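These are the structures in question, set out in turn.
Two complexes, one shared chain (subunit A), two partners (subunit B, subunit C).
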Partner chain A sequence: MKTFLRILGALVIVGVVALLVFIFWPVSRSAPTQVAANAPEPAEHGEYAMRLADCAACHTAEGGEPFAGGRPIESPVGTIYSANITPDPETGIGGWTLAEFRGALIDGLDEEGHHLYPAMPYTNYRGLTETDIAGLYHYFIEDLEPVRNEVPANDLPFPFDQRWGLRAWKWVAMPDVGFASGATSDDPIERGAYLVEGPGHCGACHSPRNTLFVQDGYTASDAGFLTGGVIAGWTAPALRGEDSAIAGWTAEEVAQILGTGRNAHAAINGEMALVVEDSTQYLTADDLMAVSQYLVGLDGNGANRGQEQGTPSGGLAERLLDDPATQTERILASADPGMPEGARLYLDNCGACHFVDGKGADEVFPELDGSSIVQAGEPTGLISMILHGGALPSTEARPYALRMPGFADRLSDDEVATLASFLRTAWNNEASGTVEAGAVADMRSEEGG
Partner chain B sequence: MSHPTYLNTTRRGFLGGTAAASALALGDRAQAQDAPPLEEYTPEYLSAAEWAFVMAATARIIPSDGAGPGAIETRVPVFIDLQLAGDFGNAADLYMEGPFKPDAPDTLGPQSPLTPAEIYRGAIERIDAACTDEYGNVFADLDPTQQDEVLSALEEGPSTSGNTPDMAEDAGGGAPNTDGSTAFGLTPELKEFFSLLVQNTKEGYFADPMYGGNADMAAWSYIGFPGARGSYAEWVGREEDYPLGPVSISGERA
Partner chain C sequence: MARTDTKRDVVIVGLGWTGAIAGIELAKEGLDILALERGPDRSTVPDFKYPDVIDELRFGIRYGYMQRPKKSTLTIRRSLDEEAMPYRRLGSFLPGDGVGGAGIHWNGQTWRPQAQEYRLRTYVEETFGADAIPEDMTIQDWGVTAEELEPYYDRFEYMAGISGQAGVVNGETIEGGNPFEPNRSRDYPLPPLAQQPDSLHFADVARQMGYHPFPRPAANASAPHVNEYGMQLGPCNYCGFCARYGCLNYSKSSPQTCVLDALKRYENFNYRVNSEVLRVNLAEDGQTATGVTYWDAEAEEEVTQPADIVILAAYSIHNVHLMLLSGIGEPYNPQTGTGTTGKNYSYQMNGGTTMFFNDRQFNPFVAAGSSGMSINDFGMEQIDYAAEGFIGGSYMTCGHSNGQPIRGIAVPEGTPNWGADWKQAVGEHYGHSTSLGSHGSNMSYRDCYLDLDPTYTDPHGRPLLRLTFDWKDNDIRMTQFMRQRIEEIVEAMEPDSWQSSYKEDGATYDVRPYQTTHNVGGAIMGESPQTSSINRFQQAWGQHNVFVLGASSFPQNIQYNPTGAVGALAYWTTDAIVNQYLPNPGPLV
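Up next is the complex of A and B:
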């Protein structure tokens, strides 16, 4: 008995010591990687690096000062507020050294060594080049004016409010430091890979996450990378594979939507509108094409696939002269009073802009045939778009924030559900499951995008 | 607002030409408005006597015994009452600071210091008084032939701002039409009344039902207008009737 108690006591002590070590063992920051020989000066490069990394989208609150933080980020375990990253010494990052700044970007540590929540995409930023890190540091410490803004405390329940636990999470989640291939390469595919996988942190939303919130892959060689994710109920569509939202698009079309918010197929909306507004529209033509060529080169994409699905023919008149291509189009074009209710609702509410073939109009009215938001696994985005409408991002190339009106006043919950269910299998669409009126009722009170 | 050019279309001429025999198949939602019958309607702006006048006058402007629905079935008087009670009646969107020169030539546009609601009120009072003098009854109680005589006189009155043939000749700056004497004792401040009444009757007939008139979209169904659907590009140029009834701004069908 005595021996047993002794052993038990020893185990408890070992356990406590292990836990204390786990909590209090000093964190270490990754060492700098090699600086490229032809690197631009940080002072020249800083603002562009900030655009590449899209810091503004999260670190600027709605209506708040740029980069002064306070934007609520909904996570599965609670609300996290983005940090003030202006150089204010008390409420921002004033006084941080380059090493501390790099630690936040690639190790997820603040200047005192506390773990940052992975709402900050440091797992993606781990691939950043020293050039981009130095540029970012210069921009946020030297270029930016300090803004005093105390951001709200995170709203997280125990145990998720215990930052030391993130050490274990990082053991599981963190990829290697540094970018494998040439970030400054002249090869557009390599440069595109760096921009997408590194600073662009596209995978943070467009990749699935497991139950531990770990992103499924960080590079194109990981099968799950960019196969689509869900953020706050909205689907961030797959950018590769069977369900790729950009299947059949040319690199020019991908570049166009990232640069202007619209192309012949689709219109940017929701969270992605912030990305276009704050980040991708500022990319140089070369970088935009690099990103686009990298993306269309991923499996499931490329112009060939588009031909199989039948790309839209040119103008409205030309399309209307064509024989109706699909059953859906024939039903809609018939204007038969006996048509199914979903089709009738489409004709009465949507057809004026999106037309009976669901192809809309290039760069103005997005295609619903083949649309990723219409066919998304979660119909949240589709329901929200019908109820509350949406606005295109305003970009320098295309400043007008063209708006789709909401139909909340015009359609009942049942009608929205019937219409959404119709859209999900209309034309070539193949989403599974019908939309229920209850799901519409839940979203009716929410604000539109 | 009341402008002479609005009167250039004869009131029923264009209707017959474009009429498409569209069945008045009421959808479930078209009934949903639960509007009280016209006889039980309580006007927002018009007094009982004014309401009776507007009911009677609109019923002559778009009568119910023609091929399509009349102003009464489509609740045009409700539209007019609601408009007079609102921004239109109160001239909310008009410049109303003067200077006013009510007897100025019609080419100088509306010159009355009165709001449209005040014009209705003042004109109806005078016309009813004149009708009582002439026929022994207010306008609403006259028989249809007498009512048509009154309306014709109003339309042709020397100063009822309008499409009188000599208007074009006056455009160069001539100044007849300024003697201030109008039919039924309407002062120059009230001379726009008839053009307003005709314009508002047409508007009430064809506007979206959300404004109180065009009940059940009957006027749209009558002329074959598909309403706020705006989605019939495939049918442009086809020599056949469009099969679907109209849809309103609020999504109702008829």
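Up next is the complex of A and C:
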């Protein structure tokens, strides 16, 4: 018995020591990697690096000062508030050294060595070049004016409020540090890979995460990478594979939606509007095409997917007078009062802009036939769009913040559910599962985009 | 209470079509600009949101987007002897308010005047002799030519995304277009709208009679369009709610769809709504404007807004009102013919014939504001004024621009306005009627003008504007001529019955029924400060930093809807401001 207690005591001591070591063992920051030979000066490059990394979207609260933080980020375990990253010494990152700043970006550590929650996409930023890191550092420390803004404390239950636990998470989640040589490559596909996988951190939303919130892959060679994720309840669509939202799109069309928020097929919606507004619209034409060519080159994409290209040409009247191509169009065009309720709701509410063929109009009225938001695994985005509408970001090339009205004041929960269910299998759409009225009721009180 | 705000480079009065065009063109130059709009802000969503905007009672009958006479109106009389009475209830014309102005609630009919319309007095004198002009007719040349303005029409049409079929491109006549239009440098940006069966029937008959039918040029987009500012139009779905409504579909060209979101991106441009300009302030010597004073409805105080340049871009009659209140130009005196401010108000002489076809179905619920096939064979350049005994011309259109339930159903004359017989007539004739209408010029006359009313004042204590206007024999002869031509065509279209409505001998101006919101003149452009308020660049003769945009510049009314000319002149003037005035401020003529 005594022996047993002794062993148990020893184990407890070992355990406590291990735990203390786990908690208090000093963190280490990754060493700098190499700098490209002809790297631009940080002073010149800083703002552009900030656009590439899209720091604004998360680090600016709605209506708040740019980069002063405080935007609530909903995570599966609670609400995390983004940090003030202006150079304010007390509430921001004033006084941080380049090494400390790099540590935040690629090791997920603050200047005191505390672990950052992975709402900060440091697992993606691990591929950043020293050039981009130096540019970002210059921008945030030198270019920006300090803004005093104490951000709210995170709203996380125990044990998720214990940052030391993140050490274990990082063992599982962190990819290797260091960038691929493509960062500075003249090959647009390699440059595109760097931009998407690194600073663009596209995978943070567009890749699935496991139960430990670990992103499924960080580069194109990982099968799960960019196969779709969920953010704030909305499906961030797959950008490759079977369900790719950009299947059949040309690189020019991908570039267009990233640069202007709209193209012949779709309109940016949900959280992605912020990305276009703060980041992608500022990319150089070359970088935009690099990103687009890289994405279009992923499996499942490319113009050979057999999807119809763009809106049928010719005047609207001619187009609609053509023989209907789908059963849905035939039903809608029949104008038969006895048509199913979903089709009737579509005619009465949606058809004026999206038309009976569900093809809308280039850059103005998005296609619903083949639409990723309509067919998303989570119908949240579709329900939200019907209830509350949505607005396009105003961009330099396309300033019009075109807005779809919401129909919350016109359609009941049952009607929205019926309409959404209709849309999900209309024309060539193939989403599974019907939308329930209860799901609509839950979202009715939420504000629209 | 009163306050004085920081000086701006430019203050723009009114944020409709011309204010928006001036705003963006000058914002590009980096000028610090403030636009003052007396009405509320308006956007497609939520203000023109489907289906709320499709409410004929609220917007078609009760004028939801129009100025309220209680807040702003004018007095009207028909002759110098009458006492003018306030226009207390909107009828004859409908000035809009709010951001976008009349640009939100028009039908979208977008024309270029014929070349001779800009030099009408000279043309008539050269061609028919000075005697052809009646003694009391005060028509004038504009001081600009069709050739000079062509690039600016082109610019406006491409900015606004006009759907149409060109008739004359670089001297070449194009089959299917208007062969009588002035030469244009290229085709319309968008193909013509699809036409309904009534318009197509008319076109067939007109063609057989030797006329030249063409689709009416439309600011209703036939296809998606992106303009020079990156602004976008979606294709029109032919819902038929255009005039009096904001477009729910991003399809009708308006300041909202074509300019404003691009303009709002300029940090050097700002605008204030619910801010009615009360007067333009002049320097002590009267030679320049120092800015404006406006009523800030939110703060409930008068605000003095200093500015280097003042652009009057309000509705035509309000431009004139402000000039009269501010001492810009000498008020026009109808007795002596001296003075220029308020001179040559003119209107539009329209008439039409309604046809009923028992066996033809026209689906009037499928329509756009500018649907229809037109002919211009009786245009101002096509008529022998000496032989016909009038000066003027018109274009004619067959078709319908809406099938709205309250005002959109024609019934034969003599049908009761209510009850079982009315219901029966509506049932029989809905979808079976169409009209062929004449949209004609209106000349200017010595005693048709605008001045300040001696009796009535507005809520700010300012004298109301007074309109003196009546129909004249010349224009009645014109419309009767058109009636004869139209009735010939109507007979050939073989309706089961038809009825005509044209001004007849002795007709006097009746402000009750709606006629048209094409009120023009009063601050007319021209070649001499003795005969016009503003020079050929729409710059005030007396105050070089005041520019006046809009149909108030027309010395007499054209045969067409005015917006095309208003838009082209706005580009013409802003171009002159940017390239001539800013480098060297002073009189441009």
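Assume the second predicted complex is superposed on the first by the 436 of 449 C-alpha atoms of A that agree within 3 Å, B and C clash if a C-alpha of one lies under 4 Å from a C-alpha of the other, contacts with A are read in each partner's own complex, and residues count from 1 in each chain.
Please note the rule applied: a residue touches a chain if its C-beta (ideal position, glycine included) is under 8 Å from a C-beta of that chain, and two chains touch if they have at least 3 such contacts.
Source: prediction; values computed, not measured.
Clashing of subunit B with subunit C is the outcome of superposition onto subunit A. Using the contact criterion defined above for the overlaid structures, shared-chain residue A:Phe365 touches subunit C, although it does not reach subunit B. By the touch criterion stated above, A:Arg398 is placed in contact with subunit C alone, subunit B being left untouched.
With both structures placed on the common chain, the touch criterion links A:Leu347 to subunit B but leaves subunit C unconnected. Ranked by how many residues of subunit A each touches, subunit B and subunit C are led by C. When both complexes are overlaid on chain A, the residue A:Arg410 reaches subunit B and subunit C alike. Legend: residue contacts after superposition of the two complexes on their common chain; A:Val356 is shown touching subunit B, with no touch to subunit C. In the superposition on chain A, A:Ala333 makes contact with subunit B only, not with subunit C. Only one of the subunit C stretches 112-120, 310-318, 346-354 or 418-426 carries C-alpha atoms that clash with subunit B in the superposed arrangement, namely 418-426. Residues 316, 349, 351-352, 355, 410 of subunit A are contacted both by subunit B in one complex and by subunit C in the other.
Contact residues on subunit B toward subunit A in their complex (touch as defined above): 25, 229-235, 242-245, 247, 249-251, 253.
Against subunit B, in their complex, subunit A makes its touches with residues 316, 320, 333-337, 347-352, 355-356, 407, 409-411, 415. Residues 260, 311, 315-318, 349, 351-353, 355, 361-365, 389, 391, 394, 396-405, 410 of subunit A are the ones that touch subunit C when the two sit in their complex. Put simply, subunit C touches subunit A in their complex at residues 43-46, 49-51, 191, 193-194, 222-224, 226, 229-237, 239, 248-250, 257, 261-262, 264-265.
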